[in-house]
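A single structure is presented below for examination.
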Amino acid sequence: MRTVIFETAIKLLLPLFIAFSLFLLFRGHNSPGGGFIGGLLAAIGLFLRAMVFGTKNTIATYKIRPIGIIAIGLSVALVSILIPLFSGLPLMTGLWFDLTLPLIGKLGTPLMFDIGVYIVVIGVVLNITFILSNG
Amino acid sequence: MQNVYLLSVLLIPLLTAITILFLWGKVVAQKIVGAISSILYLFAAIMLFNQALTSGMAIENVGNWPIGFGIVLVVDQLSAIFLMLCAILSVVAFWYGSSFIESKASLSIFLPVYFFLLFGLSGAFMAGDIFNLYVWFEVMLVSSFVLFTIGASRSQLEASLKYVTINVVSSALFLIGIGILYGLTGTLNMAMLGKLLPELQNQTLATVGASFFLISFGIKAAIFPLFFWLPATYHTAPIGFTALVVALLTKVGIYSLIRFFTIIYPLQGTPIQPILLVLAAFTMVVGVFGAAAQTDFRRILSFHIVSQIGYMIMGIAIYTPLAIAGALFFVVHNVLVKTNLFFIAGLVGKLFGTYKLKELGGIMQKLPFVAILFAISAFSLTGIPPLTGFWGKYLLAKGGFETGNTLITIVTAVSLGVSLLTLFSMTKIWNEAFWKPFPNICGDLEPSTNFRSILKAYPGMLVSIFVLTAIILVISFFPNSSIEWCMSAAENIINRDMYINGILQHN
Amino acid sequence: MEIILSILTGLLFAAGLFLMLHKGMVKLILGIMMLSYATNLFIFIVARITRGLPAIIPRNQDVLANSFADPVSQALILTAIVIGFGIQAFAIVLIKRVYAATGTTNMDELNKTDNLE
Amino acid sequence: MLNIAIIVSVFIIGLCMLLVMIRFIKGPSLPDRVTAFDLFATLVIASIAIFSLVWENTNFLDVAVVLSLIAFLGAMSFAYYILKRRK
Amino acid sequence: MLLIILIGLIAAAVAATIHRIDNNRAGIWLSILPLGIFIWGIAHLNSVLLNNSIIEVYPWVDSICLSLTFMLDGLSLFFVLLVSGVGFFIFIYANSYLHNDPNKGKFLTYLSLFMTAMLGIVMSGNLLILFIFWELTSLSSYLLIGFYSAEEESRKSALMAMLVTVSGGLFMLAGIILLGIEAGTLELDQLLANPTLLLNNAKAPIIAVLIMIGALTKSAQFPFHFWLPNAMAAPAPVSAYLHSTTMVKAGVFLLARLSPVFVNVPIWQSVLVHIGGITMVFGALMALMNTDMKKVLAYTTISALGIMVLLLGIGTTISVQAAMVFLLAHALYKGTLFMVTGNVDHETGMRDLNLLSGLGKRMPYTFYAGALAALSMAGVIPFFGFVAKEILYGAAFDTPLVSGIVGVATFLTGVMFTALAFEFGYKIFMGMQAETPKHPHEAPFGMILGPIVLATFGLIGGIFSEQIAQPLLHQSSSVILNVDKVLQLGLWHGFTLIFALSLLTLLFGYGVFKVRQHIRAFSTKLSLSNLPGPEALYFKSIPALLQVAIKQTMFFQSGILRNYLTTIVLTLVSLIVAISIIGGDFSVIGLSKTIQVKWFEVVFIVLMIVGVVNTLTTTSRLTAIVSLGVVGYGTAAIFLYYGGPDVAMTQFLIETLTIVLFVLVLNRLPKFVDMDKRLSKRIAFPSVIFGATMSTILLWVLSQQMNSPLKDYYSQSSYLLAKGKNVVNVILVDFRGIDTLGEITVLGIAAIGIYALLKVKFSKS
């Protein structure tokens, strides 16, 4: 599907997809969105690129190894729920920093957990779609 | 950090799985990680078991929310028994699997998924929240889907498609049940449900809700008439991959049935009780007849699982402490014995290249130690005293006869009769595969193997079979403490207030 | 509205099962998907519905006012949808493999593993 | 004024939906149905936008944005399929 | 006594090793074990004779109040001496019999296991412990009968013996459990000390029958007798040991043991007398019909066991005493005869009574043993068999109930026994030497030692019966019943009616021996042996069972997913209907706050319905997928309208993604399998029922009151405590975060699974 329209469009759309997905991820705690939806959106963006430029090209360009991404995402989520144990609280207790960043909002372990979800979802969707569209 | 063992049991598998994923492609390193963490897991489970026995319950209030609003992970004695069983099995199944599987490609899939499965199992046994249980079920099921399809042979794929579909239906029914319970009580916590559900105005509706769980868990546990997926699936995949699934999947169903129909919705006196009793009788009979009809080593064993499930269901349905203790003991017995039989079947299949009884033979002459190992487990399965099966049978029969109820007495009598048929079908394997001379049907010579060559080629398989046999023998001849644990767990679970108050009044 | 939605849910259940009972594998997957819509709708409706009031705390408030959609059922559905997606994706790939291995998409021909020899 | 606009647009969207429905039922070819589906997605986006106005809740707009970002993907994959099939 | 059992088990465990080390003398080494036990028994003789039973208790399974109790009283000791005494010779015999068999080690293992189990039965002081050993004897007998496992007949006979005895065992287990519940204890000393425990208990007859079935199957009583003749497929030592002297007497032992408990249950006596009587006559008749030496012996054993059961059933002092005396006499001569048969079979290669003759010259020692045993069997003075026959007739004619019939039947049995004794002791050894497959010569020493000693003991025991046998037999029968008369054994009680009967027996016996061929021919003409009986029933029921099993399995396990799903759904629906009817509470509080219907939403719903219908009816896969997409989007829109933006968003995304996946896969699949109109009609029914049930339940639940503490708590604390305003998201990542952890794990696993399915090339293995 390498057509000029698609190629140009995807070059413009991909950053938009990624940016919007990050936006959804970070404000998910207060408005609709969150890690899962954000991750799906980012993955769909990358998949679109893969449809246009081919899977191999996309993997080479971004050095993506989907199973590795899943592992990273899972470990981020796991670490986030383990953190409270070190301060003697039960598993997964939400711990928050006091500072509030613009655009991102409050930082805390639930956010980190959501980031983990985000990464896992990207890995999973890329894994499935790449494999399928490849062969 | 008071619940260090509980958390270890839950998180070690996940951590291991992630580590193994990071080590993608390096099979030796993955195996080492797996071996170490399975031992750690067993250790943690033993400590947790001890903790549950001494202090009653271990509760982890995840997220530190007030009880009922977050998710609690609870390990009471019932869970502890299952977790312990799961831990023992996980170690031997890991040894067996990693010795059984020779292809590197298969191992690299098997190892991470194996630990994900273990993660799901641990979670399921400690879930204190009904929806959480659903999630763990799914973790477990998806892992089992993957394990059943590794290798992707024709029969595996055929069977998995049915397996997946039926489990999807079961999960859907589970979800609907959760929805109904939530729609009636507005809570998902098991203890709170246990408190609110019996107080509900419309008890008929509560029972209708419970029936969804009966069907859903019944499919998982493979009770009549919902068992079809099991005999269709279990014999297709090489046992090295699926040992843990084969051993524990149905038992998770049993566990959930026990949990649900004691804590959340006490079975005693409800219309479901007689229905369950009748289903138990049918499960036993149909399963054992199914086994009698088969002529394939693994298929006979698969059908037997169904039959044995009937005994456990019967124990639950009788609903006295002794009967539930019998059911629990039966679970312990059956998991160990059945897994060992499957292990031996796997070994035989590996050596002879077939599972068909027609093409097998002469194992007694050629490999007497395999015959002895098989005989111990097979006779235990059929309830020949004083092997483990006998104790289970005895407890259940005593529990059943004690009630004096006519229906229960009939079902109990059926259960005794079924054990004769069990014997019949086990001797079928024994006669054909072990006693009969090697038939030489395919023209190829009898495989030349002996103890030493097997030990050299498949050390893990042999060791795990020996370990399991040793455990079976220990429980057979010193059943006292295991029976005691089962009794105590059964008492605790029947006195629901203990569990409910224990959780609701957790600080 | 609840009555209409209940009937719709029942229809989805019926359609899902109807599809699953067919011979074709593709229909089987379609049925599984239909069944999951039905289940999700069931949970959504059974937790009582309100129109247009998402469970999001308005900008200037700290707690939610009296009437709003049940967030619990939504969270459950979200989880269920995602899990369902994983399983459906697996199932879709599985039928592809089954077809490659057996050369048929007819479910009725897949009875070798159950048959007695 | 806004109210009238809303009522009118709801009516128009509803009408469009019925038309889409007819096209969808009639077919006859696959591309017709795919187009109908694509149009249906667009109408859903539009209706979401209207309803966020009705309920004065901007949260719904996010959904509309997300849907608009991905709605063409379905149509695109069908195109991909048809292309591949032609080969 | 625990020690004995343990040593026995250890011996069984090491038997194979001993065989490997010294394969010529393994059996002799192992025979030390029974010898030791015999000496141990003799050592305890005195204290037991003084009416002191020895009880040992070891704690075992405290949680179910089960301890390892052993008890040694007169009855036990009698059996211990019998089992170990005969066992000693059997081990030596087996050592020679299986001289060159590579499987001798296994055989000795089984034999030791059996002996241990048998000792366990007779020494246990708790019924459950007794049952454990009981089943062990069945098991070891299975292994022993099937010892020549290469032969199909062996395997079949082994299975038959096992199935019959184990099924009896199951009845017995049920009986024991019930007895435990009703009597409150399973300890034998307590049960025996309180014979009134079961008095007037309504369940007592049931318990008695259940336990009796166990004992009667083990002792091969009619109609469970047929396994014993078939069990003759076993090697001769097994037949001599298990199937004549010991295991089959376990049933008699149990009946004797429990007689005090059930003596007040009327059904006990009548069943035993009838079954025993029938078996006695039937067994003897069958023995006369057969010509295979082992079969003949098997049937006479059945008959003899019938006599013992009959005697126990009669339950008078003299009958119980007679039972014990006869038991000993029978063990002595029958063990010998089996070994003699084994010798003949071993040396000539055949064992047909009609064809064998004149072996006496070639096998003088075997002849000697056989003749002595036959004389004892015939009840010739001064053999122990005569002593036994005297007291047996005494008991039979002294019976208060149905005395005439019992007496005549016993007499007839005696006659037939005598006739058969002539065959064994006279016919095969005298006369012209017959042609045999092997050239006969005397058996090795190991194989003649046992028969000679046992047969000689039958003679000595007869002459000195008062000194040797009387005290212990008296003691053992006094355990069974409170005997009011001291057992008197002796050769000469004067010229009484009984003595006359004995002589008549000999006379008639010789007559029957002379005309035996005519009787056999007559019976063949009547084809008596082909009459339908329990054996035919067994042989018919096994294939029938398999047929049922296969039919049932094909019915349930059809392999068609449709049937499975239909069954599941219909089970669910019928369960719900049944529960609702039983529950009967259809109360509806009312859909109080229903939302008003808006036409716009109806358009959506209609569109969804169109999508559904289109999915169902279309013949194009892509159209079906597109239609499903419409339904999915519609569902998402419903979520959205009713306040679930997160859910809606996810549904939209997932829906789109699934469609994409589908399309990616689809180009590799063929078209739909053709629609089948008839099929559609058939599957419409369960689908519609399912949908209707779901709708009804949903409405029913909606009609109830609901207040959700969860909803309230989350709305209150979502922002204040969890610092998030989107409650759904807060629930997902904080309140119920573990769910989400599981959920992403599921996704990860599914991804790995898809990777495995498509990417990994598995090697064929």
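In order of appearance the chains are A, B, C, D and E, and numbering begins at 1 in each one.
The rule is short, and it goes like this: contacts are C-beta pairs under 8 Å (C-beta built on N, C-alpha and C of every residue); 3 or more make two chains touch, one makes a residue touch a chain.
Owing to the predicted nature of the structure, the values given are computational and were not obtained by experimental measurement.
> According to the touch definition, list the chains common to the neighbour sets of chain B and chain E.
Looking at chain E and chain B together, the chains touching each of them are A, C.
> Would you mind naming the chains that touch chain A and likewise touch chain B?
Intersection of chain A and chain B contact lists gives C, E.
> Where centres are the averaged C-alpha coordinates, which chain has the largest centre distance to chain A?
Comparing chain centres, E lies farthest from chain A.
> Grab the C-alpha centre of each chain and report whichever is closest to the global C-alpha centre.
Chain B is the most central one.
> Relative to chain C, which chain's C-alpha centre is the most remote?
Comparing chain centres, E lies farthest from chain C.
> Given the two chain pairs D-E and A-E, which is bridged by the higher number of C-beta pairs in contact?
Top pair by contacting C-beta pairs is A-E.
> Measure off the straight-line distance from the CA centroid of chain C to the CA centroid of chain E, and report it in whole Å.
That gives a centre separation of 49 Å.
> Suppose each chain is reduced to the average of its Cα coordinates; what separation in Å results between chain A and chain C?
24
> Please compute the C-alpha centroid of chain B, do the same for chain C, then give the distance between them in whole Å.
28
> Calculate how many whole Å lie between the centre of chain C and the centre of chain D, each centre taken as the average of the chain's C-alpha atoms.
Computed value for the inter-centroid distance: 22 Å.
> Can you pull out the residues of chain B that are in contact with at least two other chains?
14, 62-63, 73, 131, 135, 138, 142, 145-146, 149, 152, 161-162, 165, 169, 176, 180, 182-183, 188, 228, 231-232, 293-294
> Indicate the residues of chain E shared as contacts by at least two other chains.
Those would be 550, 553, 557, 559, 561, 565, 569, 641, 645-646, 649-650, 653-654, 656-657, 660-661, 664-666, 694, 701-702, 706, 708, 710-711, 714, 725-726, 732, 734-740, 743-755, 757-758.
> Give me the residue numbers in chain C that touch at least two other chains, ranges are fine.
Each of 20, 25, 28, 38, 42, 46-48, 52-54, 56, 72, 78-79, 82-83, 86-87, 89-90, 93-95, 97, 107, 110, 112-114, 116 in chain C touches at least two other chains.
> Give the pairs of chains that touch; include all such pairs.
Every pair of chains in contact is listed here: A-B, A-C, A-D, A-E, B-C, B-E, C-D, C-E, D-E.
> Show me the residue ranges of chain D that touch chain C in the complex, using the header's touch definition.
Touching chain C from chain D are residues 51, 54-55, 57, 59-60.
> Can you list the residues on chain C that touch chain A in the complex?
54, 56, 78, 82, 86, 89, 93
> Any idea which chain C residues touch chain D in the complex?
By the definition above, chain C touches chain D via 52-54, 56.
> Please output the residues of chain A touching chain B within their complex, sorted ascending.
For this pair, the touching residues of chain A are 67-68, 70-71, 74-75, 78, 82, 84-85, 88-94.
> Can you list the residues on chain E that touch chain C in the complex?
550, 553-554, 557-562, 565-566, 569, 591, 594-598, 601-602, 605, 608-609, 612, 615-616, 621, 624-625, 628, 631-632, 635, 638-639, 641-647, 650-651, 654, 657-658, 661-662, 665-666, 668-670, 672-673, 676, 679-680, 683-684, 686-688, 690-696, 698-699, 701-702, 706, 708, 710-711, 714-716, 718-720, 725-728, 731-732, 735-736, 739-740, 743-744, 746-747, 749-751, 753-754, 757-758
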